[in-house]
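Chain naming follows the written order as A, B, C and D, and within any one chain the residues start at number 1.
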Amino acid sequence: MQGAPGIEVSPFVEPAPAATYSEWRLIWRSFRQDKLALIGLAIILVFILGAAFAPLLTPYPEQGRGDPNILEKFKPPSAAHPLGTDYLGRDVLARVLYGGRSSLSMGFLVVVIAVLIGVPLGAIAGYLGGWVDEIIMRATDVFMAFPSLLLALAIASALGAGFTNTMIAIAVTWWPWYTRLVRSQTLSLRERFFVEAARSIGLPGHKIVLTHVLPNVMTPVWVQATLDLGSAILISAALNFVGLGVQPPAADWGNMVSQGRLYFIDRPWFAGAAGAAIFLTVLAFNFIGDALRDAADPYLRRT
Amino acid sequence: MQRWEYLLKRLFLAIVVLFSISLITFFIARVLPSDPAAAWVGPRPTQEQIAKATQTLGLDQPLYVQYWRYLTSLLRGDLGVSIKSRQPILTELKTYLPATLELVIASMIIGELIGLPLGVLSGAWKGGALDNFSRILAVACVSVPTFFLGLLLQLVFFARLKLLPISGRISNEIAINYPITPITGFYTIDTLIAGNWPAFQDVLLHLILPAITLAAFGLGLSIRMTRASIIETLNEKYILAARVAGLPRRTILFVLALKNAIMPTLNVIGLSFVYSLTGSILVEVIFSWPGLGQYLTNAVLSLDFPVIVSVTLVVTVFYVAVNLALDLIQATIDPRVTLS
Amino acid sequence: MSDQILLETRRLSKYFHPRRGLLSSKTGTVRALEDVNLTIYRQETLGVVGESGCGKTTLGRVLLNLVKPTSGQVIFEGQDLSSLERDALRRLRREMQIVFQNPYSSFDPRFSMFRSLAEPLTTHTNLRGAALEQRTRQLVRQVGMPEDALSRYPHEFSGGQLQRLAIARALALNPKFIVLDEPTSALDVSVQAQILNLLRNLQRHFKLTYLFISHDLSVVQYISDRIAVMYLGKVVELIAAPSLVEGQAQHPYTRALLSAIPEVHPEDKRERIVMPSKAPDAARPPSGCSFHPRCPFAMEICAQVEPPLEQISAEHWSACHLIHQSLQN
Amino acid sequence: MTELLTVENLHVVFQTYAGTVYAVNGMTFSVQPGEIFGLVGESGCGKSVACLAILRILPGHGRITAGRVLFDGHDLTQAKESEMQAIRGRQIAMIFQDPSTSLNPVFTVGSQIKRIIRHHTQASRQATEQRALELLDEVALPDPPRIMQAYPHELSGGMQQRVMIAMALASGARLLIADEPTTALDVTIQNQILELLVELRRHVGLSILLITHNLGVVAETCDRVGVAYAGQIVEIGPTSEVLHTMKHPYTQGLLAALPSAQQKGRDLLSIPGSVPNGLSVIPGCPFHPRCPHVMEVCRQTPPRLTAVNPGEAQHQVACYLYSPETAQ
């Protein structure tokens, strides 16, 4: 027998399996086959860019922010006002672009907060198990026992109307879903031997969760988050519709529908434009999320 | 585990959840607001009102004493008094609840009656024409804001086609000429019992638009989830085994697969129920439907805090009860449930 | 003699209580291990064999302290693991490693092989940079893999290759003792032979001690020096491999297992011992000898008195009332 | 002798994320009435896929690209779906590796068996009940009336597999395809299931196509055996001949790799490398990259199955070491 590095081993000739792409590249390859998803992506991009560059895109930025222009009120769509004007004479296109700032950012922030709270809790519950798991899961039970719109409505009215309070209220009802998702993923991950291997070499628990557990549970979280962006926008629009959320004169798609609904039968354009904006955005997120889920399916099943 | 043991366990868990719900509503009512007494009194409170509220709510007491008083009064069925109407909330709820339930149940019937079969067929013939149609229908249904859909339907069926009434539960002239004697509080049933045909017809016409509006989300949800669970079940090894045994396709689909797929379907019904219940808040505003939703949104606008908290509590209790019932139904269908 | 002993267990037991949450009825405890006394000598391979649910996997986990025993002791080189402080225990982890059954799930799919192999080294040593790279290259060479394997990811390897790399990871810290938990049961026969050969070579070269867990008696017979046969959480027979081959097994369960191996050469066939197929339930072990309901030779006493593990010869222990029967006759 | 089932030059491919997988590449074998034919090979050799192809139950992304499957002289690859419907169960039944997932969890064992009996025989309720009890008795399950009431999860793995076999018999099939029927079971249970299969062959006259990776199982149960590698049969013949006077280097390698007490203390002879993944078609003999006796011709043209001894057609091997052209 030779020295340590050269110990005798059986001859070994084996080609590596052919395709070696990263997970996200494979997901993208399948995702881009989906026409609806690409349309969805385009819609979202248009709304995001529209909201971001609203002051440059509309000649009436001050109306978008809420300044009334009473003399021009109830003008139907025309060249000067492509989507017409509302009951205070403001340009509806400007309102929709500015309203997108509130609606899109609230939906986005709600999901971000929910992920930031829900994911760590789920990983901890799943990895530690025992009474920690029990407490966290019972907490999710209780929050999930409430219909989320209702709980968000109650909390938002307790905190007082406003963008931040409404956003917090929705996020509070939302995190348990991520906790549940991540916990179940973590549990199935624990069955896999590499986590046990990490334990067997004495890697401390927090390191195992950070390096081995969390990175491996995030794919389904991203898929869920995409689908949830739509739902979060829908629910925030609903709260804005009943008068919580951003307060007039600031614009939000939800409160625009609310303000326009009394005139809807005769002058449908301004509630209609805002309603259509919500519908298209949520539809787009659903298209994207569905395609992402289908594309990621082999990877979701693998764990 | 024995079945009764499972039942007991579920009941126990439900009670724990109800208890925790009361904790959270207490938290929302008394801890979250910066000035709970002011919140409890409503907009533009006077000094005197606040002082009175502080006393009746016991806000000067430690929190656990406050909670105990809150809990005991809840258990006595005392939900407090509405600021706006100065009526006991429980009494008011009794008049609003049947209207909401009638709407919710009607919408569930529409949604599930269409959604479940469509989901099954769409899953069984994945990729077919019907599947493509129902998938688009489903995603449209879950994407459209309920309040916007309501407005669109009013525009089409009331303003343009002049087929259906725009709002309310009943027309004024019918209500006057053919008065309804409330028995169940469900106008459709009450008119049927009384044989009050003109009123029945009118009530039914009023119900159609709001019920369809409310049904949309649950319909989309049912199609998607039923489809997914059928597809998953059809991929199971025992379905392959049944095919290999030569069993006909309809038996495999409608007997073997469906009984397995029924569990997720029951969950769908539970979820649809809660979405209808909360969706009714918006639909009732659009259609001026005198139910819980309108009661609640008016309370939000007038800062009638006791009402907001009470409605939240009552609806949630309802939801917990429905889920408990569904759980028990599942336990009787699937022999494995009681084991896990 | 005692310095020959690497590891010992004393009355090691592990009970699992299937969690039922609140308001549960006590429906029995699963006795995965019960009163297990084993001695493992330096540089030997102790085979552990038994059917699913017999507790063999739990034994491996308890020895490595990955699962805490309910009672009893694991003594590694004279140190009782349960008495050790956390830090001492972590240091001891360097000495004992494990290779798992399923090579495909043994590696984090997001880690390159280099990261996976470096993990034990960075956790326990100060090796960094070039020295670390040097060491990982040495490790992959030792298990017969090319060095460029280090830059690749788990999904780029076959099962056999992954199992080689898992062995490399287990070797990283120069352990004395390796638990091999069904290391070849997920592999094809032709690849299994490669892995078994590799394990034998490494053992000789690094003076390793193995606990080889398997449900496949023919593999265990081939690789082990001594074999422990487990049934429902207990060791029912402990026998030197050559004696087993010569047909000296005493316990009816061991003999049933032996006779159940499907043989390629029918002339090697032993007379088959037929057992009733009634599956044992680990949560409700039978009275007396837990094997008696399935034992073709069961006597009255078997249902009442549990037979102790008794020494028959120097390296042969068996827990069966028949021992006395045959000695008397 | 007329064959019950003949598989001729069968090709099956799958479309997957990673590309086209060539799972079965010209597999040829036959099963005679009343025999147990073993199809043995390592993972990925196409043995299971071939069986799914016989019954035309390949998953959606797999299809038969060439070859014939003759059952009683009818080509099943050309049969209409409705004709296949009549063949599945009534003529050919199949049991799978993992019995716990092959039984429907929400129906009792009795209702599952009775449904199959009723569908295939249109018997009266009472006769069906009677037949179900007989079948459970026939597969040596204790206390059939109690088993009838049980749900699958209440039975052990061995009992579940017996139920699966009873269900296969319920439809009156002549050929049973058993895909690794004992792999998920413990050794002691494995034996009992194998003995049951042998017993059924003797009593009922059932023909069995037994798929396994375990040469020991083949030796103890099969009359004839085909050794599959990379989607082809490399050696076929009566079991004792194939296992004792094996000719193909792969068969030889497989047998040498088996650990046994006799090999103790010596290294096992192992086949280098691992089984191909099917993502590409290996030119020439599929075994040539791993073969110790590889010749130039092996890399070029695939060898055909030819009789080992001229005049004795039973034992055939696909290897140039034995073909007349290269023998000189």
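What we mean here is this: contacts are C-beta pairs under 8 Å (C-beta built on N, C-alpha and C of every residue); 3 or more make two chains touch, one makes a residue touch a chain.
These numbers were taken from a predicted model, which means no experiment stands behind them.
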Per Cα centroids, the chain farthest from chain D: B
Closest chain to global C-alpha mean, per-chain Cα centroids: A
Rounded Å distance between chain C and chain D, as computed from the means of their C-alpha atoms: 32
Separation of chain B from chain C, taking each centre as the mean of its C-alpha atoms, in whole Å: 55
Centre-to-centre distance between chain D and chain A (centres being mean Cα positions), rounded to whole Å: 49
Chain A and chain B, separation of their C-alpha mean positions in angstrom: 24
Multi-partner residues of chain C (each touching 2 or more other chains): 21, 158, 160-161, 194, 197
Chain B: positions in contact with at least two other chains: 13, 16
Touching two or more other chains - residues of chain A: 10, 12, 14, 17
Complex contacts: residues of chain D adjacent to chain C: 42-43, 156-159, 186-192, 194, 213-217, 219-220, 243-244, 253-261, 263-264, 267-272, 274-275, 277
Chain A-facing residues of chain C, complex: 21, 64, 66, 89-90, 93-94, 97-98, 100-102, 105-111, 116, 119-120, 123-124, 138, 141-145, 152-153, 155-158, 160-161, 166, 169, 173, 194, 197-198, 201-202, 204-205
Chain A to chain B touching residues, read off their complex: 138, 141-143, 145-151, 153-155, 157-160, 230, 234, 237-238, 241-244, 254, 257-258, 261, 264-265, 268, 271-272, 275-276, 278-279, 282-283, 286-287, 290
Contact footprint of chain D on chain C as seen in their complex: 51-52, 158-161, 188-194, 196-197, 200, 215-219, 221-223, 241-242, 244-245, 256-257, 260-266, 272, 274-275, 277-279
Chain B partner contacts - residues on chain D that touch it in the complex: 55, 57, 85-90, 93-96, 98, 101-107, 115-116, 119-120, 151, 153, 164, 167-168, 170-171
